[in-house]
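Each of the two complexes below includes chain A, the first together with chain B, the second together with chain C.
And now, the complex of A and B:
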């Protein structure tokens, strides 16, 4: 490269990156800026319909932090996220390893089926799950009754918080396991066969083979999956929101996402909702910070 | 409140309550700026939001062609579902680019949108739309600061459907007091003439807050009352608690539907009725159309009974208002469409096709004079609405009352449930 072409190439580079930057600015930074601004304003329905918002200082944040419902939703979110993310990653990874051990056509078939599960719109899956778990006509209660479990007939799964989250969690896991399987399977099949072969000859099998050979080789993909799962399961909204509509126990099933929706869109208090959303964002960064750090370090290596 | 006619109950809450309660929000919220603003006029093709099950196909077709004939513009209907509509309206109505031009608002939601300045002032139009013949309770819910923003669209109220053949078989009489209602339902329930494991004497779903309001209102209880510009929830009062004891008795002795928490299942009353899983249901007159043809002859009707013999039952006042968005850019055309909605043809189609009591009660006679029509008209006449508070939509959005009745149906303690619900309802209604 000559010294003359450098600036030209850089200019071209900048030009090419511009659309991406513009999209990020418009689609992410503007709403985020608006949200942070709103979180310091008294912003309710009247403001939504044209009245000028007043500066509220930290009042909105104080309102969120003083609200017991926020802390309850926070705890629910964290526990729900931890359980769902952990189960998804474990089941997904185990599934992927199983796929490497079966004949190729079975692996292909299983992946095709999983792709359908994964590509199914959330609302459709929700409808199917609601039918499966329907108190009176659902196949789950029918099966449980058939195997002789007392009290399963007519049991309303959505009417107690624990069974509510069990159904919601099952749906969330069911919908995200396929992606974990795809990614881990793809990563594992990239691991050099000869390395595994060598390890086998040295007597490494099962767990030991996985922890010492496979895991280190796929660690960056694995980290990325963990990060994505945590983010997805922490900000879960649709599944909970829709199931809440059929539960009759809205208050005791709020997670952070539905809590924010509740105060903002249902409650018409956009200022406080923005403050809660900002707190949730900070929380996400806190929870995922370590992973992002590891990922970035991995990328440098 | 000493008298519980609909007009009275809503009148106190509406005319006095709204103005007083909202004085705190300031009359400069855009709602009460007095004179009629200039109408926008940027086109004739309108977007119209009607709610599911509100306007019949026939009425929509009539309106569309009448509008086209009159103005040359077209109407595009977008049918909305009740679930989540408040949030959807909050965001859509605020934007000039995405707002529908004409909107149907549930009567319980109307006060909120009238108060925030989301709707066009209809004062100049009121006489043309029907003036004093407009259903008064809906006028009050659709007004703010003495101005009309959302005109009465239609009203409806629930009546009991029962199986005449089973009543006869068991020697039961149509109940004339709430106590008799409970005992009739219990007898039916125990006899199980449907021979069905899921049989309910009265199929009353746990998620059916609007159905349960009939017990509350008839006993003289209210969801919330307003005094000196402050709202106070009323679920802990003696009258309200008496009502909750009665519904709990139904759920424990005469209904297996208390565990139903899915609003769709809870709303489709004809399903258990057709499956012979219900001796009685409490639904809208138009739901008769969904009853199996071979059962239709066996169905009888009665209105919600009073507390005492000869007393009056007060079911929940269902219904809608219709309004023009303040941010619509085609208000001139929307006004023309609104006039057509209040034309005799459209109003009568509400009654003949939909089975609703039309917003202009001069046209209510189109409902007919059979048993069901007469009982429906009576029910509407005696019905009571939810509080005419600007913030009522927030309570609906939080599902506080829905969840309250679900918990009651599950056998929860009415006193402690009421204390909790009262606190959150009072808090939401008084939020500025």
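And now, the complex of A and C:
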């Protein structure tokens, strides 16, 4: 590409990238910078009405770290994320492997179902799950009663933290599995058929075939999926916040996102909320560092 | 070893064992599909049931006496149409904006060598990882200061900012896939540099454009967190907020209405997915794995 001189070439490149950079700067990086600044300031309702914020040093961070509710939310986030991510990956992988073992028309049907589940908007799914788990008229309680489980009739799933997170977790898993199925299935069908055939002839079946032949060939896709699931499940907000709205137990069901929302938007305590958000951001970057490394290796190819 | 390798695979015993395994796998796959389909089916089913059936002691599994009453009441509500207008307007801006900005930036990163190129790539990857849940307090403050709360412009701005990095990354994968030689040939034929991009490259990354449009559409259509904090007045709610306003504690919940609303919200997305599923998977593998 030598039709343009080098400086002009560079100028055109920068010009093309400028609008995208500008909008990200304005909409994301500027507020992010402001937020980090705010986390070191006393920033409450008085500042909202125009009073200049005072420098507060690490006070906001201390307030967050001394707050038992923060640690409880952190633990809930981590446990919820670990369970949901693990179950999603296991179920999704099992589903994808199942697809390779069934007649074509069944595999197509399963994929069609996965597509529909994947397409469901978060809020639609949230409403359906609330209806499924409705205390009085929900199908789940009806089914549990029908198979003879005592106390299922009229049980309010959103009234205790454990059952609350069970509903939230099932929803998150239901929503996330389709993508895992698609990605793992795409990877597995790339594995050389003759290699699998040879291993079969050597007597490798089931679990052994999976661990020795299939798993090593799809390990990079698998790692990517695990990381994405962890990232997505750690930042879960919508599902928890909406379910909290219908449950009435808020304090005992906070995860990091809803905790920040609670002190910032509901409590008007922007400085402390900014500190908590910054802590969460650092945590996320810690987790995602590996993912970025992985993508960068791909980018350099 | 030799004997085993020579044994034909289709001895009767082997065949029947393989057959049994296949049947077992098929049964498991069908069960898996049914479980995953059920919530979507239940949404559609419940939206068509009468109030009487919805409150019956035993669930009604099939809408034999299907009624469109719930849909009629939703389609007749001004709140629904207001939310639909907000969602559609924001989605349109986000899709068009993401594609335009994303295409230009993807060209720059893929085709030009400038000093900050690598740091830009790293920047995109890191920014993509910033969850909305960690910036919304500050974004809310910013929109408040600029008088952009409860406006299409404010929400679109934030959604664009979060979505553009992903679009750039996705489209970069597709632009990389177009041989530079094609553009060079167009240049020799007298095309300008930008002309070559528009006439040669753009038509060749069609599936990338479709995939990134869909992801941009979904990102804004489904977004809840920022809408919750920035679109608080009743006239400015988007569909996700509107649907939550239905249910609440201590309310005699109108499940038929909620299910009809949820179905109406899901319908465009499901149709879109079915139409372009091939592009979606292609887009994902290009964007995520590359």
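Assume the second predicted complex is superposed on the first by the 252 of 301 C-alpha atoms of A that agree within 3 Å, B and C clash if a C-alpha of one lies under 4 Å from a C-alpha of the other, contacts with A are read in each partner's own complex, and residues count from 1 in each chain.
Keep in mind that, in the parts below, a residue touches a chain if its C-beta (ideal position, glycine included) is under 8 Å from a C-beta of that chain, and two chains touch if they have at least 3 such contacts.
All figures in this text were calculated on a predicted structure; none of them were measured in a lab.
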Name the contact category of A:130: first (chain B only), second (chain C only), both, or neither.
both
If you stack the two complexes on chain A, which partner ends up touching A:159: first (chain B), second (chain C), both, or neither?
first
Which of the two, chain B or chain C, is in touch with more residues of chain A?
C
Figure out whether A:45 sits in contact with chain B (first) or chain C (second), or with both, or with neither.
first
Which of the two partners, first being chain B and second being chain C, lies in contact with A:245: first, second, both, or neither?
both
In the superposed arrangement, which partner chain does A:54 touch: chain B (first), chain C (second), both, or neither?
neither
First (chain B), second (chain C), both or neither touched by A:235
second
Touch check for A:268: first (chain B), second (chain C), both, or neither?
first
When the two structures are overlaid on chain A, which partner does A:79 contact: first (chain B), second (chain C), both, or neither?
neither
Quick one: classify A:62 as touching chain B (first), chain C (second), both or neither.
neither
Same chain A residues contacting chain B and chain C, which ones?
130, 134, 245-248, 261, 265
Can you check the complex and tell me which residues of chain C touch chain A?
4-5, 9, 21-22, 25-26, 28-30, 32-33, 36-37, 39-40, 42-43, 46, 54-55, 58-59, 97, 100-102, 104-105, 107-109, 111-115, 117, 120-122, 125-127, 129-142, 157-158, 160-162, 164-165, 168, 180, 183-184, 187, 193, 221-222, 224-225, 228-229, 239-240, 243-244, 246-249, 253, 255, 258-259, 261-263, 265-266, 269-270, 272-274, 277, 281, 284-285, 288-290
Complex contacts: residues of chain A adjacent to chain B:
45-46, 48-51, 130, 134-136, 154, 156, 158-159, 244-251, 261-262, 265-269
Within the complex, chain C is touched by chain A residues 1, 3-4, 9-10, 12-14, 16-17, 19-21, 23-24, 26-32, 34-35, 38, 95, 98-99, 101-103, 106-107, 109-110, 113-132, 134, 137, 139, 142, 174, 177-179, 182-183, 186, 201, 203, 220-221, 224, 228, 231, 235, 237-238, 241-242, 245-248, 256-257, 260-261, 264-265, 270, 273-274, 277-278, 280-281, 284-285, 288, 291-292, 295-296, 298-299
In the complex, go through chain B and note every residue touching chain A.
25, 28-30, 83, 86-87, 90-91, 93-94, 112, 116-118, 198, 206-207, 256, 259-264, 326, 393-394, 397-400, 402-403, 405-407, 410, 428, 431
